[in-house]
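I have a structure I would like to understand better, so I am pasting it below and will then ask my questions one at a time.
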Amino acid sequence: MSKYKALKEECFEANMQLPKLDLVIYTFGNVSAVDREKGVFAIKPSGVPYDVLKADDIVIVDFDNNIIEGEMRPSSDTKTHAFLYKHWETIGGICHTHSTYAVAWAQAQRDIPIMGTTHADYLTHDIPCAPPMSDELIEGDYEHNTGQQILDCFANKRLDYKEVEMVLIGNHGPFTWGKSADKAVFNSKLLDELGKMAHIALSINPEAPRLKDALIKKHYERKHGKNAYYGQN
Amino acid sequence: MSKYKALKEECFEANMQLPKLDLVIYTFGNVSAVDREKGVFAIKPSGVPYDVLKADDIVIVDFDNNIIEGEMRPSSDTKTHAFLYKHWETIGGICHTHSTYAVAWAQAQRDIPIMGTTHADYLTHDIPCAPPMSDELIEGDYEHNTGQQILDCFANKRLDYKEVEMVLIGNHGPFTWGKSADKAVFNSKLLDELGKMAHIALSINPEAPRLKDALIKKHYERKHGKNAYYGQN
Amino acid sequence: MSKYKALKEECFEANMQLPKLDLVIYTFGNVSAVDREKGVFAIKPSGVPYDVLKADDIVIVDFDNNIIEGEMRPSSDTKTHAFLYKHWETIGGICHTHSTYAVAWAQAQRDIPIMGTTHADYLTHDIPCAPPMSDELIEGDYEHNTGQQILDCFANKRLDYKEVEMVLIGNHGPFTWGKSADKAVFNSKLLDELGKMAHIALSINPEAPRLKDALIKKHYERKHGKNAYYGQN
Amino acid sequence: MSKYKALKEECFEANMQLPKLDLVIYTFGNVSAVDREKGVFAIKPSGVPYDVLKADDIVIVDFDNNIIEGEMRPSSDTKTHAFLYKHWETIGGICHTHSTYAVAWAQAQRDIPIMGTTHADYLTHDIPCAPPMSDELIEGDYEHNTGQQILDCFANKRLDYKEVEMVLIGNHGPFTWGKSADKAVFNSKLLDELGKMAHIALSINPEAPRLKDALIKKHYERKHGKNAYYGQN
């Protein structure tokens, strides 16, 4: 039996949430889960529809993009996942979708502004939209450079990947991450919903303000501050 | 057996409607049900996903926010519920969600105008949007002050909580109530649907007028007036 | 056994389509089916949720609004149904909903323009929006006068109820009809979908033109003209 | 047993996907599948609701619109399918729907601009919207001329049907095709989703640019270029 069985199962279950949460159609999207001790991650195989995907199809890859186990070709976005795992040492899972509202904001090349406490319950900044890559980077090692683009965006905007667990790639779509593959999927669903709410709010009132600082701080801290009182832990 | 068993069941069933009605995802939202004789209310535990929630998990709390029964921490919004039960003596249930259209109007900081008979069938006023709290109140006892914010909004707009069973908190989302937890949930669904209809109507015709007074009166009274002829009672 | 059993079943089945087609929530909406020979129609009882509605609950009413059979109070819109059956002698069923897009156009007080062949496949005119009633008529026999308002709208716009089987009542919502209760429900679903398509088309291009006459004629006639070649009859 | 049994099954299964993918309601839409060797195609019968459609109902037609096998009348759009099969010799299936966003763009008489990589993953051009036909052609052999209209549109815009497998007919709706009936259905779903994403993106930012050439090329080639690395083949 594969020593990666549990990791593959975790990755499989996280991927299978995507169609249930209406974040993907057909073969769109991919989720990975990492095992830091073994130095590998599990990722969806490329182009396989969710209704035929099996846990056994999941591919095991190391951080240099070598296939360690698996019969199938891994997601075409694998290098972006590997890049992020390599540089961000505390994340446990990554999710990429082409969900409707996240893609729409990415196509609009706009950060999703923080407009309410639904947003502040999870992060205190606008959801960043990285600019489209330069032609040179696109024609180079594209998926690797997509990872670099995300890092550069976080550096330029002085964001911490432990606090802001999501990004839009301009004209492309969202990448999200978290302590586990499950949490990465949660963040993709949250991102799409925040994008929908902000879009409708701005349709109703184009002058609607950003959430004020006191509310950003309050809602984030009641969930994530040192005296947090949300949840059971 | 707990003497609060029936109350917990009522609260549980009402909470479980939220995902079915597409008003919440994951752990979002909470419903409570009150027992006036016993001086307590039952409320969803904090941060528990609906697909694992059990009736036994429901927490019993008194109007001063003391936990009377239950192993789990109650909803982080518990103090707002307690405040409203204390001040509004005839309500039997309260519901809080982050449903899409209600949140969008709250983020737009706009009352939802009464534009049609769907609205007038249930209430004769615009759905009020309370302004965001002052920084001082946010940094104080926030959830308690959210209750106060709702009361102040109703006082300023001269609204009666028995007639208008819903409010938006600016930049946050909706609270609704009613004679039972079920009715509070109904009001949350109604509010979201009214917000959607008003948003689309104003997209089609930004000059669309409010509903005229004669229609407001007629539709409300055929359901709720002394000669009401809607329904079976 | 009731001699109206088949009529009640037809009416029940038609009503039960409304929640399945996402045209209603809770107790909203009502469908009726007529038996011209017996001079009666069957209609949903007032305020009964669809998930507890039974065929036996359906109420039998004559064209003068007398209850002929049934334990429950009929829909509060019964007089509008009776009025339309009385004046339009070839219709077999009537449907009333508060579906989202139909209500939005009614609240916008705008006819839904004929913008495509989806529309022309079924009717050759804009979907009329009757103006809100005068205060005098609202304060009078309101549901009876709603029927009159529909007739006046069709007279003013020179529409034939056999060709245009749907109307919006300004600030209220849609009524639709047809040769059977089933067809009336179909028309309600069609109306909501046409309203959604027209709304989005005009969002994309506010200058989008009405469908040209040759296409209106062609599409309507291939389904309904004397040389129709759509369908199996 | 019919020698067209397998072809009918393929066509039936493809048609049955349309309601599941929310691309049609009631009897709307039709899919065909071709057998080039036998010189025939299988197509949905006209006006049959999906919930009663059976594989046996599928009609076999040749490229001159003669019915070869089947008890029912074929889709009223059959001549358009025949025309396209005759002129485009490598396509294996055709799909026609009245899906919401595709129809909305058709009614807006606008090409759907390529705004993101979701689009570029499948095609490198804007999705063309053919202008409405001249009155003369409408009054002639309408469905045959619809096929001609599509060919003319592709000629005018110098598009290759092997690269761009979809078109909007102005004021009508989408036709899509592909190497199989399944792929044609996939393209209809993709088209509707691309139309929705572009609509929302332009609502958020009316000045949002088209996708830049380097990204168009990159995404298309990683799926379809000679060094493609998407999928398992």
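The chains carry the letters A, B, C and D, assigned in the order they are written, with residues numbered from 1 in each.
Note that in this section a residue touches a chain if its C-beta (ideal position, glycine included) is under 8 Å from a C-beta of that chain, and two chains touch if they have at least 3 such contacts.
All values reported here derive from a predicted model rather than from experimental measurement.
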{"item": "Where chain A and chain D overlap in contact partners, by chain label", "value": "none"}
{"item": "Equivalent interface positions on chain A and chain B, same or different at half", "value": "different"}
{"item": "Separation of mean Cα positions, chain B and chain A [Å, integer]", "value": "33"}
{"item": "Distance between the centres, which are taken as Cα means, of chain C and chain A, whole angstrom", "value": "46"}
{"item": "Distance from chain D to chain B - Cα centre to Cα centre, in angstrom", "value": "46"}
{"item": "Shared interface positions of chain C, touching two or more other chains", "value": "202-203"}
{"item": "For the chain C and chain B complex, residues of the former touching the latter", "value": "25-28, 45-48, 72-73, 76, 98, 100-101, 103-110, 132-133, 135, 138-139, 142, 171-173, 199, 202-203"}
{"item": "Complex contact set, residues of chain A against chain B", "value": "21, 115-118, 186, 189, 193, 196-198, 200-205, 208-209, 211-212, 214-215, 218, 222-223, 229-232"}
